[in-house]
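Below, chain A partners chain B and then partners chain C, in two separate complexes.
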Partner chain A sequence: MTVDQVSAEIDRSAAQADADRARAAVRPRTSMAARRHRAFYLFTSPWIVGFLLLTIVPMAYALWLSFTTFDGVSPHWRYVGLGNYRELFADSQTWDALGRTGLFAVTSVPLSITAGLGLAVLVNRPLRARGLFRVLLYLPAVVPPVGAGLAFKALFDQNSGAANGVLTLFGFDALGWLNDPYARYVLLMTVLWGAGNIMIISLAGLQDVPRELHEAARIDGASAWRSFRSITVPLLSPVLLFQTVTGVIASVQTIMPLLLSPDGTTQGVTAISQSNYMYMMHVFAEYFALGRYGYASALLWVLFVLILGATGLIFKFTSGVVFYNVDPEAKK
Partner chain B sequence: MRSHAGTPPSRRRFLSLLAGGTGAGAAVLSGCALQVSSGVSGPGETVTLMVKPDDISPELIKQAQRDIGVKIVAVRYDITKLIGMMTSGSPPDLVRGVGAVDAPYFAARDVMEELDPYFASSSVLKVDDLDPVNDLWRYDGRTQGMGPRYGMAKDFSQDSMYWYNTALFDRAGVDHPPETEPVTYEQWLESARRLTQRKNGQTTVFGGSYNGVLTPNLLASLTVSAGGSLFSDDFSRVDFTTPEARKALGWYVGYCGARVGPSIIQPDPNGWDGPTYQANRMAMSNSGYWLGGVINADRNLAPFSRLAPAPVFEGGARVSPCQAGTGLWMPKKARNKEAAWRVFEWFFGEAPAKERAASGWGIPTLRSLRPLMPSQEPYQAEVLRVQEAELKHFSVIAFTPYATADSLYGLFNQIAPAALRGHMTVDALAGRLNSVMNEQLKRGKEQVG
Partner chain C sequence: MTVTSLSTDSTAGPSSTSAPRVRVRANRLVLYTVLVAITGLFTGPFGWLVLTGLKTPAELAASPVHWLPDHFQWHNFADAYQLIDFLGYARNSLIIATLYATLVTLSSAWVGFGFARLDAPGKKTLFGILVGSMMLPQLITLLPTYLIFAKLGMVDTYWPWVLWGLAATPYLVFLFRQFFAGLPRELEEAAIVDGCGYTGVFWRIFLPQSWPVLSAGFVIAFTWTWGDYIAPQLLLSTDRSTLAVAVMSTYVNAAGIPVTNLQAAGSVMYVVPILLVFLVAQRGFVAGMATSGLK
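So, the complex of A and B:
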């Protein structure tokens, strides 16, 4: 064997050893990654299966129904293509309900966020019995909506409610709170009554605001209001954005008018006052009272698209005013 | 071949994984669905009943097992759930229904089992013994009240009759209504006005409640009472502009507008008359004999409560219909029909039926059970006398098969409040109701074929 051949053999052996080492190094890594992936899918599979069965399948089914005249029982229901959607856009009740829902959202969301933030600022101060105040203010948010609906119905009943009891005590005439035009104000009150939920989230956000920024601002001569406006609010902006988005989604899907209605059932949805006849009430009416599953499904799909659109718009218009407290280096 | 280990799964692989999971989940779910009505369970039969909790108590369910050896699985009545079960091919074996309005609707859609052969061979439920109210559960493909039987009422009331509180009448100085002769609807409303008490804009005593079981069948009944018919001959249209229907609608608008009783513009927070009447805050309640279940159980109220005949319209017909006739029907695709019929017989003709008859909650639907109705106390005997006299005026008022009563009720509620508050004339309301209800009936007729 020549020197060159020996040298070549050594090189081949070295290359082989390198390749073996590389394979040995890679194999455990890849199998570990594979295990991680398997574990991920294994642990998330209950949710994924649930999501598919309970969200995607019903949504797809509702989409299919929205192209039909299906009413659940009748034998001769048929495919109508976009007929339900065309009818929907020509239905004045849909537009009226949508308008009321939009008005409710633009009123109730800012009001409840402001109220929740105000309460959070209050209970964030070094008060006596601060914990008790926090619990008491949060308590209404723990009450189930059905309980809240029943309580408000009893409280604002025209003939036996405590609200009119107070009015008549001071010589005023009793009001039909649960009828037009007052019903909308009772509905708003139920929203504000549950502001403790927003308070808790805002409180968590407030406690995340670095104290030294406020101290620095105070040294620079900033007033409390200026400090709140220029430090607290910008640092809370991701929290406020979250509350706005979830608030809008919840308000357009509110079922509280149904709980405040005399009947309180989905069949009796049409008996609710006109001022509280929101989009979801219209869906319930078409679905449960009129038995128009196809048309109601079309209404729901339109609502889904509207919610997506509204959420997108909120993100777009707030992108310049929401500040995330993230270390820029961490992104790399 | 290059290994995929360590790389994220492809979309196809991911979807196939999900599809596997979905399939498994669907199998589990479909297994659950099948279990609802699988027929046989253990030594005896199992029958699925879709009812409301008040219809059959847990004790009665246990009693069924003892009495007839059938296990009852009760599913809470919910129309959406019923439709879901029927669509998936696993309907309950027996379903609760309101005969006056559900029977033509479901029978026209061919989802109800004809029960004539079962009745013919039954030793418990004999056709001769059936009260005419059970005709509400008959439908011949065109008109309710004729043709095959599709169900049976568990008890009934002549729902245009009303109870009144003699103490409140006396306090207001209003004469009691005659025992067996009807007052006119106008007189009833006038009495209600005089009986109503208000203070600072609050109604402390409602003069009278007159809403029927559901507004559409109330209006259908009122129209017949005025001498006409709300529906066209083929039940495919309503017409509120005929003189009789206009009279009926005008009276009801007047009743709501006077605010003498609960209505959609003055809702009762209790949702029904029982608690308000019981609290001595309602002088008259048109709930029929059925409310006796509440009244008989209240020793303080019963001696002051009387039942009065259904009012009439001047010049109209004297009719005293049943607007509900709640009972059970058997879906055509029920899996355990024989056992279901045995439960049907037991529920309508044996221990539960006897217990209901004696309770005062409605009139028994078998004539042979009438002697069990409460009559021991003098006021009970008086009530029974009025009720027995009224039975002569019972009639079936046929309802349309092309729409549910709920749907017509929903449309009425959407249109009527403006008229009830005086912002729309009765004639304009009649026109609007014709328009929206006939659209709904047209859709229903297309779907029935």
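So, the complex of A and C:
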């Protein structure tokens, strides 16, 4: 054997040994567990990739734009650092819109959750035709926002609306419901109109409350209200917490003022009554009417951080009163 | 439920004297009155929209309010249908909603299977992010998404709905995960031992089992897309846009003032299909919504 052949032989056996080692190392991984690991990522990848591309990337892009004067058209945009943020914090319109949004969230969310829970308790009773009541009360929650907006516009129209019809019937003056200062109440009513959604979710929760608990409480002499407060509400608390958080986020993002406005398009966003000119409307106005994409992006990021903060606070302050009696993992 | 109405309604206990019995009956009367009144308030606005669509412009301008039209203007519905390209917009809505609902139901079932039946390091974190992302404000990502889609030349196409559909959605993933997690383990074990991959298990065993959830998911996603206003308004030009956008902005006279009675008639025709879908599929739909309480 020549030296070359020997060294080639050594190389080969070394390669062979490497391959053996590699195979040995791989073998345990081809077990059931490893297959399940790979399959897990295969199955969850559409969501992971989608989340990165359709949520994280747009958010990052908006963050970058928020430091610029980009308007979508002009090629002469530039980096302005925190300029947009300084401007928006100095803008009284931002603060006013933020205040209205906050007020709307803290009134509409508790009211609609109370209404939804109340309706759930009502239609959870053994009634005749309770299936029909459930369907009819839930129906408005399925009406698309555009339909709801137009229905409420028709209902509260100054001349042809039924609301003013009832008022004049009882000798009161007709009101300009869709203008200030009443527009905010109309908006609130559109939210309460959709309380059937919370009703259905609470109803499912109510039916999971073990019957024996209420019976035991009754034997101990507890009143219906007491047993509702001390048994039903704590057991429903995770559901109520989730409703609160998603409700706050939905109310902050509501586009209903847009649909209730005389014009009803994103271009006509500035025609919205003052009392319904909320934070998201301010974003739309800057974005569509003024084309200030950079500034609107800064507004969006501020709102995002505020929502994160609000969600965190809600979780923090409810941690002591929310009871998770059912572990979702336990179902396996 | 087999409990009699008396024993659950009465807080007075099982006493059989006649005074509580009368009180129970009075209670029930109050209860029904309250329920009927609330139901009236809940169905009223839509009823008023229908009535508005049946009046003449003169009746709508009259003051005080004209409760009922003198003659039901049924032709308003035909006019609303003809004034705009109603069928075209309805077709666009139908395409987008079917496309998105089909894709997102399948992709969410796929991802939900992963979270329900499979395991890997990082699963808990990923699931936490998934549930957390249900709470992400969607409008906040929509405006930058529009700019990105514009750069990619996907504005005025239905590609965004395809991509959103393929990416699954946390809400439906959660729904499918709950359902798949409840199925017995033996279902997949035999197939795996026989050398069937997880893909095969999913397609041949789990998916055929999940018709109720699939249809609920489809109806829910279809309803979202049919009702969505902002995304089509942003991403589609007028003739490609959906009924939601058209009903809101195209029923105007030459001066640009909305023609209220036709707009009302048009929006009734826009809303009714979705109400019918809901009424037909309500069982599955409601079960789907109920799961979202994150029990």
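The rule is short, and it goes like this: the second predicted complex is superposed on the first by the 295 of 332 C-alpha atoms of A that agree within 3 Å, B and C clash if a C-alpha of one lies under 4 Å from a C-alpha of the other, contacts with A are read in each partner's own complex, and residues count from 1 in each chain.
Quick note on the criterion: contacts are C-beta pairs under 8 Å (C-beta built on N, C-alpha and C of every residue); 3 or more make two chains touch, one makes a residue touch a chain.
Since we're looking at a predicted model, the values are computed, not measured.
In this superposed model built on chain A, chain B and chain C take up the same space, so to speak, and clash. Of the two partner chains, both chain B and chain C are touched by A:H37. Judged by the touch definition given at the top, the superposed model places A:N159 against both chain B and chain C.
Counted by residues of chain A touched, the larger count belongs to C, out of chain B and chain C.
Within the superposed three-chain model, A:L103 lies out of touch with both chain B and chain C [touch as defined at top].
In the overlay built on the shared chain, the residue A:A174 is in contact with chain B and with chain C.
After overlaying the two complexes on the shared chain, residue contacts for A:L313 are found with neither chain B nor chain C. In the superposition on chain A, A:H76 contacts chain B only, with no contact to chain C.
When both complexes are overlaid on chain A, the residue A:L122 reaches chain C alone and has no touch with chain B. When the two structures are aligned on the shared chain, A:A285 is found in touch with chain B, with no touch to chain C.
In the superposition on chain A, contact of A:Q93 is made with chain B only, not with chain C. Chain C runs into chain B after superposition on chain A, and of the options 76-84, 148-156 or 328-336 the stretch responsible is 76-84. Once both structures are placed on chain A, chain A residues 33, 37, 41, 48-50, 53, 57, 72, 154, 157, 159-161, 164, 168, 174, 264 are touched by chain B and, in the other complex, by chain C. Chain A makes touch with chain C in their complex at residues 32-33, 35-44, 46-51, 53-55, 57-59, 61-62, 65, 72, 119, 122-123, 125-127, 133, 135-140, 142-152, 154-155, 157, 159-162, 164-165, 168, 174, 193, 196-197, 200-205, 208, 223-224, 238-239, 242-243, 245-246, 249, 252-253, 255, 259, 264-266, 280, 283, 287, 293, 296-297, 300, 303-304, 307, 311, 326, 328, 331-332. Partner chain B is touched in their complex by these residues of chain A: 29-31, 33-34, 37, 41, 45, 48-50, 52-53, 57, 69, 71-77, 93, 153-154, 157-161, 164, 168, 172-176, 178-180, 261-264, 267, 269-271, 273-274, 285, 288-292. Considering their complex, residues 1, 3-5, 8-9, 11, 31-32, 34-35, 38-39, 42-46, 48-49, 52, 55, 59-67, 107, 110-111, 113-116, 118-121, 123, 126, 129-130, 133-141, 143-145, 147-148, 163-164, 166-168, 170, 173, 178, 181-182, 192, 197-199, 202, 223, 226-230, 233-234, 244, 247-249, 258, 260, 263-264, 267, 270-271, 274-275, 278-279, 282, 286, 289-295 of chain C touch chain A.
Across the complex, chain B meets chain A through its residues 3, 5-6, 8-9, 17-18, 21-22, 24-26, 29, 79-80, 83, 86-87, 105-106, 109-111, 199-204, 262, 264-269, 271, 404, 406-407, 409-414, 417, 440, 443-444, 446-449.
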